[in-house]
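A short write-up of the structure that comes next.
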């Protein structure tokens, strides 16, 4: 049809560069199989694609514009829902392909467990890597509901891989006594409770390092982000989170993999949670693309 | 990327044939500028694309499968929102292009006024055409809110074009005394009030004719279809509507243009209204494609 | 201000005749103090005034138009919320004033208990009166939550006044065994369970009598009327209810008092329950006004 | 504490008989791990316990009262969420215990896959058993999302066990062409499409037999039951479903196991879906208890 | 009717002084015809009238009471919905009448475009006027969706009239690079990004001047104000906004025209957005009335 | 039944110690009979029991764990709904029993009026008692809606009992001029408007005293707590409230009675309000239990 008046590309706005030309590759992984409280993060990426159009491509806070970068939305990964281990394999295999193609993967969860296979694939290439982790919950359990691999154990599994002094946790405000003891007293991870005040200092120490960034969006206060499985009052504001993006830009941190997880869109019918996730996606896409250049 | 495990075609499921190979072309027109009650029909097609995936491609009621037909979703028309007349032109021009390409247009509104320019374009080719109209409202006003072109006048405007004995209205249960008088006493249109019992008889008389089918989804009872601008209690059930599709198939009616309008998805957070609109879209796509063969 | 372009009469559309010229007087009584399940019927009349504008003044089913009758909306009764007995007195006194002024009171509840004082005031003038009662629940308890006056006892209290053979109950489908026994076996009231099939026959027997009509809107099926305190599946459809209005018109029944109760608007955010209550209000206002002439 | 004014038994109202004295044992299984569309059936039993209080213990339609039977709510099964096969084992083991204790299990899902292990445990004792299945979906796939055990394959798995002429399906209106062919043409199961008109005839043929009853609540039309994973327009009304309970009572069918599945309560904030599930639970508990006597 | 127990004045509480005696005149303009994202601001004033009753007439923060001022709610302007230019004329004509009658107009939108005709009418009388603008969005586009007059161009159109150094923008955090450049680099308007920290300083410079105040309520963070067309995370808190009202009172700023726009009430079913808009209306009505004295 | 795999204790998680062994006794009082705005606080305790499971037993902010204390949930008080005075008696009698048994009562409202009878019972034992009151509203009216006992008068009634210099109010931001005058100018109570900055200083002065703590949860900003009858913008954040718990722990304040009131759960379908109330309940239960030791 000759007319070009029809919009029929439903990818994330301004993320329609070719795979070959893009450094940053965005994709959705709608798995929520070990979610113990409210499910529904499976719908995050599709809900976000629709609301992303309400944003501008330009970020005044970062003074960067998506139109100046090549970013590619490759869609959503098809999963063997119902079989956790198989799903983890599927994520791992596909992220490994991206890594082998020299792409920076930006994954949209799904529950937090999806970080594990993605991180593993990234780690194979960048094994001297540091992890920046934003979350309301520690995610440091050894086991949960009789499972080793769970949204509640995911950071512990990553610690199994990277060991001490590699993981930095911010905004944490819920967990068992043992989990907090693991970090606060035994220093297996660095943890700032309920705040991100020390972020700048930490980031400064990571200049020149490879960093994996994982954001459980429930790090935000439920007033701005109710659309998640387990809202936890006492979180950080959007402006506090936004400030961390400015810091990451300022120090030109080399982010080699990234994910945002735990948006459960149907629990917030105002769609503000989804819109907030979209803005986080835009700002981080800009920072990562900019720092890469 | 070699992997084919990513879903990144977000068109209506099973409507991804090429434009050239398709008889039936589906598209969205998100205009709700003259809506006088609750707006929001602009979001209908995007909400439907997401929910359509929950359906099967096979219809047991019709014993037809979408996989046996070539159907093409060309996306949503970009509109000059805020300027009603310009929007009507944009719709007209694009539907005319489809008609000239020998396609059957299937438009997803939007408010009911979008039917007027689409019908005009169809009428230019098929001027001996009959109109089947499902609605809760007469839409026969001469003028509304000081406008000749309005969701409340659209069928009157079509009558201006086609004249008496061409329009058949079903399920109507709201309007002014003058509007009902126009049909029931003066017989300018055929109208069945609040029911569709005589549909089979009417359809029988249209065998071999060209038919334009316009369905204002508020013809359905608000119990099954609350997600619309002006819900009107006392409507028909989904099963009654479904039965009309069987009749259209049975008599192999030649539908040369079709639209479904007035889904306002955000007013029904259960998404049942959107899902119902999707099922109507599937059934009608099957009937039209099947009758065309 | 000279301009007449501002709408600042927020009464029910087309119910703005003077008190003196009107036979029918509509008013709200937002009391829900004995509600044992979901409260909120206090908001019914204010929610309805807003949604009523979405209707037309003409009823095609009755072939009557509000513009042909004088109807007066006198607003909402101010109540001593928190003191049940005082509230009942306030309702009684005000309805008595209406009755003394030769008006037909049309009360919008509130919970069903508001019917008791309104009926008492009507009964003082018309003591040979019959009661038509639509409801999902029997409302025939002798006592509820240690109270004699309750939404669950209101019809029993009216029976205390009028005795056997005066009350006709339709659509009833919930209550204790004792309550059903009271009607079905002991015949203290006439009761049709879960249906209104015998309505025409009953109405025929009431020609020439004075009738008080009380409609607990939960008589409707929760599919069309979820916005109520205690939804009860298995109710009648809107069309079945609408048919009773046609019968009341056909037999020119002399309705001397009327109420519709138990709309709890905030429990149905689609607003379909509120719109349905509005349509019931319009149709009954038309029937009562027409029969009075 | 001496006062008995506190309510602190949060079991299903009137289901607090001792385990030993009860024939019928009710329990929740909040598993939704293979759900491919909207999740959340995990919350069904807890949502239902809260809304059940709004019902009466007496059923006028059945003329039976819960107070006349011993029924025991033993609570919700703790599950290894995230590991489908382990969960199936946990259900199986616990239902086997109930069966060995000569109880009739009444399971509240959860997604439909939970029926498989429960049925297996029942089948071990009653291997000449017939299955009555209400559903919108065929559930007859051989495999789904690469899994043999899934909500979409559950009836096929039961057919693997019982073979032809044992399964009777009602209300079915969605599936693949192959699935409908399996039943309608090859007669592996008896299937009535989109209706339950032949139910009485079938039930008549099962007098004296052991029956397992499984109700996917999405058999109901979405107008009355939007709170489910995959609403499918064109379903049966509550009154039609209620009528099947009267038939089961009339023929004193011997139900040895029962489940109701697929209520996803958070998708219907009016709570009508939850209330409807509660009423189904009450009516079936009464029928099963009554027939057992 | 003699009884004064009925409330039938549905104007904004305590805004029922006569038009003649009032300096401040409040009215609604329910136009949302150029809204490109979520529509529904047409319902703002009617939703606010209902919720306003939940406030007190006294403001402890300002130590002012509405009962000490004459304020007049003249209702909602009737509009030719569907014809943008005609609607703009209707607004202009009516505000001009108010201005000619020496009233201070306080308009409740509607979308932000309604500010343009209202401002024009005010400007004709007070052409040495300064504009205080609160918003999340720049609204400085030259054209949007092929339209010169749009919610996204409205401040640019006002700049066309008043020129440089007259417009002060606060809280802005979304727009194109060109729009930010227009203000931040070329200084055509004064703009503070995402904050209102410099407000006091600006206000101090406006003592003795005429000021038009336009508040797009999406300047507030979506956590407190989700009920708007395009929520933008990172906004100001209610307390920050409230503080600006104290500053306006402190410096006795002469506000000659005012509007609050972009409340879309149906998108926030908690009604907190509507209640917040009501509190802004109360506080500003008090400040304007007080400063006028 | 031998299996212990069923969860059938639906009390607040970790509040299942025996009555005898517990110092702290938690119970619900679902009364909202004098609520003048949005009702529904009757459902607070049952909604909270369900959501409480999403929390951990450990509080990182307080470094205390519920598993280290004996706490007993005795359920919900049965009430004579509809008769305010009788309900107040029922509350009083039951709290007196708890007090006589040397328990610390922790009441979950219900509307704020429930505090009056509970306080009276506590006061009989501890008549040299101080009251810490968090609220958005003064609650200092002498009468409301013609009632002395009301949610709007409850603190005035307590002042009638304890007199000057005993009541400390925080976060207050709504009331009549007379009410603020009562506190701010006449010093009958200590009141901090819209903040809790002076809380530490006040608490310091109460070391060694008996304290009754009453928290109207609408003291929180509606952004985090929309689920209440009369949301009032400009409230405190959760972190500010949380900080007061740390102060109460730090000074080992002796709390002899406590309540949290005015959660109306159905008005916040995200459930964040309910979850926030749960977290307040957990933190305060820990502080009170810890200080008691």
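Letters A, B, C, D, E and F name the chains as they come in the text, with residue numbers starting at 1 for each one.
As a working rule, a residue touches a chain if its C-beta (ideal position, glycine included) is under 8 Å from a C-beta of that chain, and two chains touch if they have at least 3 such contacts.
As the structure is a prediction and not an experimental result, all values here were calculated from the model.
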* To do: Enter the minimum step count from chain B to chain D; a value of 1 means the two chains touch.
  => 1
* Structure fact -> Most remote chain w.r.t. Chain D, using mean C-alpha positions, is E
* Same or different: at the chain A/chain F interface, is the fraction of residue numbers used by both copies above or below half? -> different
* What angle, rounded to the nearest 5°, describes the rotation that places the Cα atoms of chain A on chain B? -> 180
* Structure fact -> Whole-Å distance, C-alpha centre of chain C to that of chain E, is 41
* Asked: Which parts of chain C, given as residue numbers and ranges, touch two or more other chains?
  -> 221, 223-224, 267, 269
* Structure fact -> Every touching pair of chains is listed here as A-B, A-D, A-E, A-F, B-C, B-D, B-E, C-D, C-E, C-F, D-F, E-F
* Structure fact -> Per the touch rule above, chain C residues touching chain B in the complex are 54-58, 60-61, 65, 221, 223-224, 237-239, 242, 269-272, 275-276, 279
* Using the touch definition up top, name the residues of chain F that touch chain E in the complex. => 37, 172-177, 180, 193-194, 221-224, 226-227, 230-234, 267-269
* Interfacial residue positions of chain B with respect to chain A in the complex -> 1-3, 5-11, 19, 27, 46, 49-50, 73-78, 90, 93-94, 97-98, 101, 269
* Where on chain E is chain B touching in the complex? -> 32-36, 38-40, 42, 79-84, 86, 145-147, 149-150, 266-267
